[in-house]
Amino acid sequence: MTVVFDHCRAERIGLPESVFSEGKPYEALEKLACEYASPDARPVLFTRLAPETYERFPPEVAKGLDYHPLSRTAFNRVCPGRSGGRVAVVSAGTSDGPTAWEAARTLAYLGVEHTLYEDSGVAGLWRLTSRLEEINAHQAVIVVAGMDAALASVLGGLTPLPVIAVPTPVGYGVAQGGETALHSMLASCAPGVAVMNIGNGYGAACAAARIMRLL
Amino acid sequence: MTVVFDHCRAERIGLPESVFSEGKPYEALEKLACEYASPDARPVLFTRLAPETYERFPPEVAKGLDYHPLSRTAFNRVCPGRSGGRVAVVSAGTSDGPTAWEAARTLAYLGVEHTLYEDSGVAGLWRLTSRLEEINAHQAVIVVAGMDAALASVLGGLTPLPVIAVPTPVGYGVAQGGETALHSMLASCAPGVAVMNIGNGYGAACAAARIMRLL
Amino acid sequence: MTVVFDHCRAERIGLPESVFSEGKPYEALEKLACEYASPDARPVLFTRLAPETYERFPPEVAKGLDYHPLSRTAFNRVCPGRSGGRVAVVSAGTSDGPTAWEAARTLAYLGVEHTLYEDSGVAGLWRLTSRLEEINAHQAVIVVAGMDAALASVLGGLTPLPVIAVPTPVGYGVAQGGETALHSMLASCAPGVAVMNIGNGYGAACAAARIMRLL
Amino acid sequence: MTVVFDHCRAERIGLPESVFSEGKPYEALEKLACEYASPDARPVLFTRLAPETYERFPPEVAKGLDYHPLSRTAFNRVCPGRSGGRVAVVSAGTSDGPTAWEAARTLAYLGVEHTLYEDSGVAGLWRLTSRLEEINAHQAVIVVAGMDAALASVLGGLTPLPVIAVPTPVGYGVAQGGETALHSMLASCAPGVAVMNIGNGYGAACAAARIMRLL
Amino acid sequence: MTVVFDHCRAERIGLPESVFSEGKPYEALEKLACEYASPDARPVLFTRLAPETYERFPPEVAKGLDYHPLSRTAFNRVCPGRSGGRVAVVSAGTSDGPTAWEAARTLAYLGVEHTLYEDSGVAGLWRLTSRLEEINAHQAVIVVAGMDAALASVLGGLTPLPVIAVPTPVGYGVAQGGETALHSMLASCAPGVAVMNIGNGYGAACAAARIMRLL
Amino acid sequence: MTVVFDHCRAERIGLPESVFSEGKPYEALEKLACEYASPDARPVLFTRLAPETYERFPPEVAKGLDYHPLSRTAFNRVCPGRSGGRVAVVSAGTSDGPTAWEAARTLAYLGVEHTLYEDSGVAGLWRLTSRLEEINAHQAVIVVAGMDAALASVLGGLTPLPVIAVPTPVGYGVAQGGETALHSMLASCAPGVAVMNIGNGYGAACAAARIMRLL
Amino acid sequence: MTVVFDHCRAERIGLPESVFSEGKPYEALEKLACEYASPDARPVLFTRLAPETYERFPPEVAKGLDYHPLSRTAFNRVCPGRSGGRVAVVSAGTSDGPTAWEAARTLAYLGVEHTLYEDSGVAGLWRLTSRLEEINAHQAVIVVAGMDAALASVLGGLTPLPVIAVPTPVGYGVAQGGETALHSMLASCAPGVAVMNIGNGYGAACAAARIMRLL
Amino acid sequence: MTVVFDHCRAERIGLPESVFSEGKPYEALEKLACEYASPDARPVLFTRLAPETYERFPPEVAKGLDYHPLSRTAFNRVCPGRSGGRVAVVSAGTSDGPTAWEAARTLAYLGVEHTLYEDSGVAGLWRLTSRLEEINAHQAVIVVAGMDAALASVLGGLTPLPVIAVPTPVGYGVAQGGETALHSMLASCAPGVAVMNIGNGYGAACAAARIMRLL
């Protein structure tokens, strides 16, 4: 099994390589990690890389990767800085951490400046409004929320920035798996809220980077 | 076809008779309307009574009914007043009118005092917050919203009153039919928000009346 | 990762703090448990706290919490008593225990008097009717049922009290996960039955407490 | 287009011919109706035959058919009587009429004795219990209900007879189309309740006839 | 937690007690098993009793139960024989074994004579047709199938007996969980096929026993 | 609005042009029909062309099209004959006509020989088995069925030919819209049955033509 | 019924007023149209305004609105021009016209430069690739597609621009209503594709305008 | 439990025996494996045979089977070669390996020549187009893809060969389980793409073999 890598992607769409690790056999992942561990390797980002997998890598390979367990991301180096704007990542609660941090870490890998605002859920509205001015000083907002995802609508109605909403699988009963959050964001009563797949913090960061590249 | 009416319902559960008109043949509805048109008839409420049906009733029967087209409700008389509290009905937008008014009209029929606050959707948050103090002066809130139904979560996090949330079928795409609003309300991040079936303004009013009966 | 707690919630909506533990990393839960273990801490309720997690807490922290494994709830102290009414918690079967007890334990934490009636499913109708008078002596009813959830409709047609229905994920095949129970309760033929998310005993107790606060 | 009729069905499975009319072009239906209008034709039952279609039939053909608009059924003659038992058809409300009557009319066509008990929904439980003894004097029960379909569970727990449950599409919101009733019946807490497709009164009667054939 | 058993069920509906074991805590199950282990105990059937649970029972209790691992059923004694007819249990494939055997074992417990015909799926149609005459010598058929469940339609078109169809969760992709088999059986083109919940072999046996009781 | 036609499709994939008419504005359809009415026009097939639309075409344009109302197809000329094999189109019932005929008409347009076998549903199995030898004398089979679609599995287990299965939206309740038939075909217990979208007789014919092209 | 308009929205989020017309009573729409017909009125956009409704407006009001039937949009004036970039609207087929044109018309209303590329579906890939360079000369792309929506993935893999994908309800069978297109876009294998609700061309334009505002 | 094998299948439909191992008890699998291990046994293919199961087989039995862990397939011998055409198996990404290899291994077992092209997803379109000519030199194509499955549409629009599409459960959020890929393939805008159940590489190979048998 030889992997045919899309090596010219960065030139074509401005987003460097990444590896979605979930579901790939360990051997394939280790082989990729080794290749990118060499000093002259191009940058690469591993997403959905389980801690157990990372810990199984040979020590010298693991050492060459910057790994972050909550977001399950790893990269060998940061891409050359982009001069564009800054992105605010706003999440509803602590449980949305894995997705919010996947977005933040991908932005870091892509060389995009960003700030993370956690625990901003609308059940305690003051937590959002007290930080609104600071958020609006960025050039785009990534909103991360599960359950009813009301945060996307409220923030979408309070900011003129591009809003990229990411539903998370946080919740139980009808909220389990994130479909309620996804649908709530898609049906947002605030105009112009764009939505990513459930838990796709990586994609939200890429969408933001496509915007930042214009600035 | 003779209808076996649950005539002792008012005594048993404190809620007088009502007729869900949708799907019933015209002949059955006209017969019922005639019976309740007599001066000494007990009170009755018709819900989901289409304007076409009402207009087809014999004039003297139609005249004996207080009909309201937007809510599609009709009643022959108002039930004896209840001394209990007052209910606020808060809706997100003009399109939620049929459900919001079904709740308001049912409260009127049941003799429960109430106020209706329309156009309070969270995309323009100031419309809700500017009326919050007034809403909190009631003893229960019925929240009516479609699409993402974020209003239920936001209001649920701002009021100590019992909150009865009613999703509406307003919206398109994933919001069509009201399931997104229903799930969003059930998954509300605000604690203690109780939910009715989609478009069930009548049931929300009954739930509120069960509470008012305690006061 | 610092948690921004909604510390003014009790003042705003009358419901003190609680922590939804499922999906939160152990470190965050232990940190919270330690903070609330101090003698002068405000009251706090942990819901969905797995026995494995509780047992991993440092002994002195665990000792400071009243933990109940079936309901997976823990609290450090009971909130000051409310003078209002009493709540009946009626469940269909033994398997509904986790949700029924989550409701009962939350009521205990909130200082609301209550009685628990288990094994009242309608397949053996006499078990419900023989206790009806006693149930009706309360001021609100929380109905907990899985599978076909017929109990909500039957009890809703027999009591004038506010009825808060909680579906449970009990069952298999089409009943698995609780959606059938949820939909059955929402479509109840008894008027004024309000519904919570699947398994949300905590929310049902909060909804009841919002009502009891009026008395 | 020539129809290949399964003419030996009665001999093979004991159930004579029937024509599901919905979706068939008018020409095919008229041709079939004409064939079966001759004095020596075998018995045939048309189900889901819209009034508009029946009224379009040539007068002499229409006259030869016993048509019943509410159930949308027509037959040219009744099958030779079966000596077996009697079937009770119990329905929850007036709106379930089309399905309940389709069952009753099919039983009539098949020569099976039966009684119809309408308006027996559990929201007013006394309507069912007061007729229970009479129902139990039959040899099988067909239960017809929409919305939450709680009637199937309650009756299934009160009768030793074979119970055939038919959900109806009566209801709105989550009940619309009858899936909630279907799932509720399948998940019934009463043991041994067998279920038909939504609105399939015809099939319920066939299932009952298969049983009566044994007696 | 004391269980309120529906002890008069056998008298009321002719079906003796049974315990759905899945989801019940071990302590409750052991307590019940002990009570029914005494020589003068009434008959009881445990369904969905995992081998791990059974093996954890005290030896003298386990010895007093007739346990069958594939069907996950156990009973302490067989109910007094019924003089009625015999039931054929026909299953599509080896993988449907757990459900087919749950039906067979429940029939054994209820004292109903029966024969089990496995591996009769329609992909190799001769396996069914070669045994048809033998099957038709019974008084009712329980059909057990997963995946496309075509067996129910084919057999329903070949037998005049009452047909009780049980979908199983066998399959993958769209068949996973058994919903395809369930819907296929409900939509069967053969008239009078009655359907149980997915995997409900117990219920199918109860439905058959309700019929056998008439003979 | 100018349509950018994929004019080189026939050369690229061997299937000439076709127009999916549903949802296109009348003006666009008339314009296309006029263009293809000229004597030297390339062949074109219109699918899902409603009778009302066809009848609205200018007479000289309508006259130039071979229109078939049941299948809602029209073509200006037949494509040059293919020397390959013959295709059997087998359908379960009269109601599946629109889809079965869409397949047959598309085959005619593509110049593929074929035979249509209607009314072959498995509820009367003899109708299929008596024609099996004749069917097997073709080189591919298109199976068209709604409801439980058991025909696909039964025929798939009786023929060595390539089997292309097309579900139809025929049925009510759980069968409504054709999803049950679709899932049943996808989960077929017969190996190697390939499936098209619901009602896609056109696509089935194209799939068969791709095969015939090899012969 | 008085509408509480969110009049300060333009100042708050940079997007001027708009009216979602579907489901609003005619009287409310006419009243709004009249208000905005005055020469000094602020700009307003009506979306989902049916031709029947527009034609019912008083002539002088209708005349004051720029109405476009395919997109069902109307506006009284164009907002002051934005100096930012240009947006490419790329659609898969003619049937996606209503949504593609709703996006284009909203961009026109918002004063954003744009180009519309229709009929770019991937079944004839050359139609997209031949226009790629021209598309990439814009600053953002709105991709509009129904059915399998493969266009979003293919274009997302070929352009470095921000990509806003809008599913349409075009299709039948599993594609009906647009859910397949929606899910396909959300699951796109191209990184950073952001998605709107089904048919939400208006929202896509707003999302693009939020981006253009940065340039 | 004795298995009634469909031993005449190869003669009837041209496809030799196979065993779907998932969900079958170990004892049944071992017994079958032993029977087929004898030198004169007919060929047999085990699909979905977990590595743990294979490793538990007695060494001499395991040795007699050609086992392939990624595809979870095993066979005792290859069927006699077919003279027909060659099949291309084209997959979108490394994660689709289990399904793609199940197809390839089944083709090997059936004696059908084939080539496997992995990593051909459309996000990097050049990977597909650069191999198109080579692919088109086969006689049929099996397309294997998860997530948005856009590969099926793109390839279907570029090749005249029969196309058999197999969705895989690769993906997360809305793509989880493979339903999005399935629906996307069924709704493909390329004409004549036939689809298998999610993950059914075995069935795709059988469908291809049915075609190759004609050549």
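Here the chain labels run A, B, C, D, E, F, G and H in written order, and each chain numbers its own residues starting at 1.
To be clear about the criterion, contacts are C-beta pairs under 8 Å (C-beta built on N, C-alpha and C of every residue); 3 or more make two chains touch, one makes a residue touch a chain.
No experiment lies behind these values; they were computed from the predicted model shown.
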What is the graph distance from subunit E to subunit H, where chains are linked when they touch? 1
Could you name all chains that are in contact with subunit C and with subunit G at the same time? A, B
Cα-centroid distance, subunit A relative to subunit B, in whole angstrom: 43
Give, as an integer number of Å, the spacing between the C-alpha centres of subunit H and subunit B. 56
Chain centres from averaged Cα atoms put subunit C and subunit E apart, in whole Å, by 35
For subunit D, residue numbers touching 2 or more other chains are 9, 123-124, 156-158, 173-175, 179, 182, 186-187, 190-191, 197, 200
Name the touching chain pairs, would you? A-B, A-C, A-G, A-H, B-C, B-D, B-G, C-D, C-E, D-E, D-F, E-F, E-H, F-G, F-H, G-H
Tell me, which parts of subunit H touch subunit A in their complex? 70, 94-95, 97, 118-120, 123-124, 126-127, 170, 172-176
Touch list for subunit C against partner subunit D, complex: 92-93, 121-125, 147-150, 152-154, 156-158, 171, 173-175, 179-191
Which of the residues in subunit G end up touching subunit A in this complex? 9, 12-15, 18, 85, 139, 156-164, 182, 186-187, 190-197, 202-211, 213-215
Help me check something: in the complex, which residues belonging to subunit E touch subunit C? 1, 3-6, 8-9, 20, 22-25, 28, 48, 167, 169, 177-179, 182, 197-200
